[in-house]
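Next, two complexes with subunit A in common: one pairs it with subunit B, the other with subunit C.
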Partner chain A sequence: MNPAAPLEDQLSLVGIVVVSHSADVARGTAAIVEQMVGTSVPLAWCGGDPSGGLGTDVAAILTAIETAWSERGVAILADLGGAELNSAMAIELLPPERQSRVVVCRAAIVEGALVAATEASCGSSLEQVRDSAEAWQP
Partner chain B sequence: MTLTRTVRLSADNGLHARPAVRVTQLVRSFCCAVEISLDAAGPWIDAGSIVKLMAARLLPGSLVHLRATGTDAEAALAALVSLLGDGPSDGGKPSNPSGH
Partner chain C sequence: MSVDTDVEKLIAALAEAVISHADELTALDRAIGDGDHGLNMQRGFEAVLKQLPSLAGQPLPEALKAVGMTLVMTVGGASGPLYGTLFLQLGKELPAGANRQQLCTALAAALTALKLRGKSERGQKTMIDALEPALEAFQQGKDPVAAALNGAEATIPMQAQRGRAAFLGERSIGHMDPGARSSALLIAAAAAVGAQQP
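Now for the complex of A and B:
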């Protein structure tokens, strides 16, 4: 942790965003995380395209990032290539000062979200959260 | 200061995902380093690592060894034994091995 960071930033927890092609998968993943890890970690999810079909939506991802926003950063767990791509596009649309504080984890969505949220709940940095999520191997 | 304890995982406490999350959060709330092993001779794994705990797949009824190093080691181990075990007696039975 950066000792120069303001105290309120040190006390906040990294946020988690779940992005799936399916709203059901995203909602269910978030439910698992919330039940197992608790509600201390900022958590948001989005899934499906704007017409209700399968897909991901950059605007919805942006909203989810804002919902889960933390000064410590936000880790995104995405389920398939398009979700990762649209997550990267959403990050590019963030204000410049926020872009470097959002990362997409290369991890399985359910296990990755659970591991990332657990790590975040312990007060870990964004880098530690991402490293743990990406370290999990079934 | 390194302290060790043993505890038999209760029927509800194979270290599948949910208990593994609880153990990680508990261990990380203390200053000391805590490790867990199925054998007093090791290998020891970091009980503050959710990834390593989930990978270890410790089953309900297993006798596990805990060791902690640091100023609050005693309190950490007491809290862990309370979380994982059936109570002060070593009465855990290896039932419901799936634990889910």
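Now for the complex of A and C:
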């Protein structure tokens, strides 16, 4: 961490966003994460398409990123291709200064979210959070 | 296809092509995917149609960007960011009052952006299998509609390597890719409008 960064930023933790095709899966995954790390890690979830069916919604992903926003960055865990693509799309719609501070982890959604949140709770960097989530093997 | 095409007519034709084939697209997707391609595309293009009055007065590049953003925000499935990227990039690359050569260049850039977005190439049973042959035909002065339709047909014996259909492995063989089909429909609609231009 850059020692010149404001104290508030040095103390903040990387945020976690869960993006599923299903609101039930997203909510459940977030509950499992919260059981592990409590409310210390900024956490948000979204699921379902703009009509409420199965799918993902770019506007909802943007809202979730805003909710879990941390100056240290946000790691997204997504399920299936559409969730990953819509998450990548949402990142491109963020203000330029925020785009490089949000990443999509290529990991299984439940295990990845749990590993990422645990890593984040230790004060790790966004890169460390992503690496841990992506390295996890069952 | 002509660059000076009537924006309102073009966008209405694209939307009509998708909406009138929504059931067919959904049936194709039910065979090898999650069965929502027609519904998702219909939702996206119905949202586009609602904006038609305001799009009609815009230059073509601006209208294409607006269509792309609407698809991104409303489709919900993978086709949202994929078609959204295609339209957004085409709008960004197309100069106002472009000539045929500039249109070719912009279409090629849009296709490249789509490939990057989907991390995909031709031959993987995707919309690229209809779009790339159509672009090549258009560049060579041949019929892009026939090329797109043939390209979509050619996805039938392919094994899917991208998207939900890839989970099916060899069982994806024997079905047309729904994205290739919707791409062929859009190209046919665009070409029909282009052909009506003086």
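Simple rule for what comes next: the second predicted complex is superposed on the first by the 138 of 138 C-alpha atoms of A that agree within 3 Å, B and C clash if a C-alpha of one lies under 4 Å from a C-alpha of the other, contacts with A are read in each partner's own complex, and residues count from 1 in each chain.
Following the convention adopted for this analysis, contacts are C-beta pairs under 8 Å (C-beta built on N, C-alpha and C of every residue); 3 or more make two chains touch, one makes a residue touch a chain.
It should be emphasised that the depicted structure is a prediction, and the values quoted were computed from it without experimental measurement.
Annotation: superposed three-chain arrangement on subunit A; subunit B versus subunit C shows no clash, the two fitting side by side. Judged by the touch definition given at the top, the superposed model places A:Ser51 against subunit C, while subunit B stays out of reach. Of the two partner chains placed by superposition, A:Gly28 touches none, neither subunit B nor subunit C. When the shared chain is aligned, subunit B comes close enough to touch A:Gly123, but subunit C does not.
In the overlay built on the shared chain, the residue A:Gly81 is in contact with subunit C alone; subunit B does not reach it. After overlaying the two complexes on the shared chain, residue contacts for A:Ala59 are found with subunit C alone; subunit B is out of touch. After superposition on chain A, the vertex angle at the CA centre of subunit A, spanning the CA centres of subunit B and subunit C, is 140 degrees to the nearest 10.
By the document's definition of touching, of the two partners only subunit B reaches A:Val37; subunit C does not. Counting the residues of subunit A that each partner touches, subunit B and subunit C differ, and the larger count belongs to C. Closest C-alpha contact of subunit B with subunit C, superposed model: 26 Å.
Once the two complexes are overlaid on chain A, none of the subunit A residues touched by subunit B in the first is touched by subunit C in the second. Residues 49-51, 53-59, 80-82, 85-86, 88-89, 93 of subunit A are the ones that touch subunit C when the two sit in their complex. Remark: subunit B residues 17-18, 21, 24-25, 28-29, 48-51, 54-55 touch subunit A in the complex. Residues of subunit C touching subunit A in their complex: 34, 36, 39-40, 43, 72-78, 80-82, 84-85, 117-118, 162-164.
Residues 36-37, 111, 114-115, 118-119, 121-123, 132, 135-137 of subunit A are the ones that touch subunit B when the two sit in their complex.
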